[in-house]
Amino acid sequence: MAEFTMPSLGADMDEGTLVEWLVGPGDLVRRGDPVAVVETAKSTIEVECFDTGTMTKLLVEPGTTVPVGTPLALIGPAGERRPAPHAPEKGEPSEPVEPRTPPEPPSPPPEPAPVPASPAARPPGHVDAGPLVRHLAEQSDVDLGTLHGSGPGGRVTRTDVEHAAAARTGAGPPRARVTPLARRLAAELGVDPATVRGTGRQSAVHASDVRRAAPGPSAPAPPASAAPGPPSAARPAEDRAAAMRRAIAGLMSRANRDIPHYHLSTTVDMAAATDWLHEHNRRSPIGERLLPAALLLKAAALAAREVPELNGFWADDHFTAGEGVHLGVAVSLRGGGLVAPALRHADTLALPRLMNALKDLVTRARTGRLRGSEVSGATITVTDLGDQGVETVFGVIHPPQVALVGFGRVTDRPCAVDGLLGVRPVVTATLSADHRATDGAVGSRYLTAVARLLQKPEHL
Amino acid sequence: MGAGGGKGTGATTYREAMREALREALRSDDRVFLMGEDVGRYGGCFGVSLGLLEEFGPERVRDTPLSESAFVGAGIGAALAGMRPIVEIMTVNFSLLALDQILNNAATLLHMSGGQLPVPLVIRTTTGAGRQLAAQHSHSLEGWYAHIPGLRVLAPATLEDARHMLAPALADPDPVLIFEHGSLYNASGELPPPTGPVDLDHAAVRRPGTDISLITYGGSLPKALAAADELASGGISAEVIDLRTLRPLDQAVIASSVARTHRAVVVDEAWRTGSLAAELSARIAEESFYDLDAPVERVCSAEVPIPYARRLEEAALPQTADVVAAVHRAVD
Amino acid sequence: MNRTDALDMVRESISSVIPGADVAALAPDDAFREALDMDSLDFLSFVEVLSERSGIRIEDEDTPRLTTLSGSADFLVARTR
Amino acid sequence: MSVARPTRTRKDPALPKSGRRTRATKGDTDAGTPARHGAAGHRTDLLESMLRIRRFEERCVELYSAARIRGFVHLCIGEEAVAVGVNATLTPEDAVVSTYREHGHALARGIPAEAVMAEMYGRTTGCSGGRGGSMHLFDASRRFYGGNAIVAGGLPLAAGLALADRMRGQEHVTCCFFGDGAFAEGEFHETANLAALWNLPLLFLCENNLYAMGTALERHEAQTDLAMRAASYGMVAWAVDGMDVEAVERASRRAVEGVRAGAGPHFLELRTYRFRAHSMYDPDRYRHKAEVERWKERDPIALLTDRMRENGELDDGEPARIEQRVADGIDHAVEAAERAPEEPVGHLLHHVTSSPAEAVS
């Protein structure tokens, strides 16, 4: 039994309409005979069959549109027919059967449960917004759930999001015009480009403006170009390192001058965390392994959520809590220098995501590809000097933040546990905090929280 | 020997340098022959092939009928059969009559045949305006050809390149188009002795600088260099890059220059819309975005068929002053 | 894998993690983490790259053997034998 | 052999009288050939060669309908005598430039059916590595310079091949096939002029199937006597019955000898007809079914078979044996193509230039 299928009649044909059968059931057909008329987007064509035999069954009614390859009829008992290459083998109905539906008509996917049209009927928490709008909202840190959509049926529109974003940032200043180089340099120098006065056309911020704005002694313009000569690749890098040094110098001097620091320290038992980490890493593909730093950062972020007095900024003689926990991560750069870009919403990231975000952030910090919100958005900073082998960090706060958390190396120490002396991995966690914003009691609540959180690594 | 054809002393013109390259090619390889309209008895529309017919005879310096499609296609066929033809098309505007052969055959046969049929053909043609030749002899269409995969597109802008680019072009197994800007033929100067093989893959920094990159080629190179001189007196150090090869573009030289100067002006005599200048700007945006301290500027021809009247033609073309102004826009 | 290949693979893996590192200047028994200022993220990337290139799964417990070029090469040779 | 002066036959370009043979060429007939056995054997070869093309293309229709082959596919069913008759007169050193309706030319030139079928499938084993498809079959080793899908686009290229052979002192002939539609293109006239002017060893082979796609000859040419127009360029030109493979072969042999002897380009107008659509399927709005049926009465395969039967050169079992051989060969080609590997997408940019890969980041 052979099938007569909807033929491919041209390079652009995907489906065709059966207009007319030129033969009926029981008719004898010969290879090459026209047996049907098919209409395509371009024309109506008589199509031939490639088998000799009896038309046993017409499967498709005239007027039906089917994809190329759909069986239209069965031709049987054939003489010496070989099946067409790759023609799907089919059972052979030798007596009349109910007209079959074609095997694979492109039927639409099952309808999703219909969404009620009336906003009132919408389930709580549901926000009607398109992907563009969602993307925009995410970018501008607007919670769609808090918006009243002005579009049809209460749909949240792009304008709604833009208004909300503008309202949140106060007067809603237009986005600063900053050249890509200036933006990159600002990231490297720890300068918020939005605060730099631009001298370019329409107040565009150029690299030179950022250099001038970088904190540091008198912030001189970069050395004037020497006499034209073969450009040296080394010079700009040295420039950059020197400028960064000046920026760090300025920032840290300000911190030590303006911030009355207090320091707290505690020793955290890392046995549970280390065991859990080993077990996790043993089970995971190598690309998904975690470093102890990931656990420490997550604990620091969760603790900051518990103790919001340490998560935010001191400016104009008062404390403003940060919106979300954005963990500044101190990253030392090759060839010297330091940046502390923000791991945004670190308290909400599951460990694997946090680990990936950390890798990504460090890579981009070292290649000068940080985003603006990362450069200036940190609400509390963590310095993990464990890699360098030190035990205790006595940190300096990054103004205008009010706290800096330090971790040393995870190291084995003799420890009294349940009255017995044992060897346990421990880490020294320290807190440097701004006494203007908080007192020691708050700080000690924070460190205690860190220590507690690290005892339940599976909940981090 | 014509004026200035001497060896190492005295001035040589671009035209003579090109002729010397043709002579050398015809002498050194008997597979090489030159054909085109009036390349023989007339001596070439722009005098480039003057004297070659007498030296090499009518088989190898071959006058053709005014049938661009037929003789360009014949060049392709001869290349397939083992020859190394140099086909001259009088001007780039006329090359459009042969565009079918250049695109549908020369650029395509290698791929379409699954690698069986490389086309070692060289096509030379004149491009550009500046000589009051009006709207059918003045356009800069090399960017159209640079759009086509399978072609190599050259724009010799200096005496050295006029003299030395032909040999590697003939050695290339694939079709090479050489665009000679009409305003350059009379350019003259001392031709330095060759310093080793000439490569067709790299752009050249014709003048180093630190404040801005002027990216250009062909007939616009002298204008860019003049602009750089003028800018230097105002304390702006412009680096001038001569692309030399318009396809494939030397991305590395452009990116490394912009990484140093942080600003770029593209100078291209073609029209701005959908042009090589557009391609260069896009690549700078793609590759060098974080190095840019100002938007990329373009200096191109006005979007008008090039007019005859001198004042209008000058106004339509990029001039040194336009380049200087663009640099100031980028630097200020 | 022979030892020369193993050494090359270690060097290449380091270079790919720390672009511009002067790997050629490393002596076989230098502790390269210190010499090249690799932090734990760098080192994890190095382990990842080395594992990918050699096809060997490297466990946390193995990492103490990967402190010098020659130690790392010995480890690779031993594991692929 | 001396070359005849240009012979012009003025015939009704539309339809031959059904059942009557048109003999547009003069020359020997097979009647008095002494080596009768050899001649019969040769006719058997011609027959088998035409059948191979016919059956190959019929299989293409089937495979196309089953969507195993896609793109534009132009069949030469009905025109097989042209491809087979001309190729019988060429040496392996001669060059062939063809059109997009070139399966017949390629097979007759000796490109294996496996390589042609694999090309239709877009596989690496195709004669163009799967990058050309039906319209772009190439085989440099057989000097088959391709299916060119620009009408008249292959003509200038053929002139160049001929020029190169001439400049290098080689007595090869370049044959260039093109259709009647090419007469409306400038490239035909530019090339005819150039070839005659330069006395190039080029054989122009115009397959006049009376239609440029769907436009009938008298609707696209003011003067429909194509051989006469070619002669106006100063080259030898004949019109030939393109449905009679032996007439084609005789004319082509004379022309090839003339070209090879240095008498400059020759032109053959081969009057033929395609039985099927321009490209795989079309609604045939532009011609009458009766016209197609009348031409089918002059089917080149039937014509030769009848002649051989009359001559007693075909025993009863022979046609079946030929069909079987041809069918086996095509089955084999289809099976091989089905199994053949596809090019990895990573090789996409191969063969754009001869260097490994052009940097187009």
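So that you can tell them apart, the chains are marked A, B, C and D in the order they are listed, and the count of residues begins at 1 in each.
The definition used in the following text is that a contact is a pair of C-beta atoms (placed from the backbone, for glycine too) under 8 Å apart; a residue touches a chain by one contact, two chains touch by 3 or more.
Which chain is which protein? Per UniProt: C = Phosphopantetheine-binding protein.
Just so we're clear, the structure is a prediction, and the values are computed from it rather than from any experiment.
A comparison of C-alpha centroids places B closest to the centre of the full protein. The most distant chain from chain D is C, comparing centres defined as mean Cα coordinates. We define each chain's centre as the mean of its Cα atoms; on that basis chain A and chain D are separated by 60 Å.
Separating the centre of chain C from that of chain D, both taken as means of CA atoms, is a distance of 64 Å. The mean-CA centres of chain A and chain B are about 46 angstrom from one another, to the nearest whole unit. Per-chain CA centroids place chain B at a distance of 41 Å from chain D. For chain D, residues touching at least two other chains: there are none.
For chain A, no residue reaches two or more other chains under the stated contact definition.
Of all residues in chain B, none touches 2 or more other chains.
In terms of which chains touch, the assembly is arranged in some other way, matching none of the line, ring, star or all-to-all patterns. Here the chains touching each other pair up as A-B, A-C, A-D, B-D. If you check the complex, the residues on chain A that touch chain B are 179-184, 200-201, 206-207, 225, 228-231, 233, 236, 368-369.
Across the complex, chain B meets chain D through its residues 33, 59, 64-65, 67, 69-83, 85, 100-101, 104-105, 109-118, 149-150, 152, 172-174, 248, 251, 287. Across the complex, chain A meets chain C through its residues 278, 281-282, 286-287, 289, 291-293, 332, 334, 358-359, 362, 386-387. The part of chain A that touches chain D in the complex is made up of residues 5, 7-11, 43-45, 47-48, 50, 68-69, 84-87.
Remark: chain C residues 18, 20, 37, 39-41, 44-45, 47-48, 51-52, 57-60 touch chain A in the complex.
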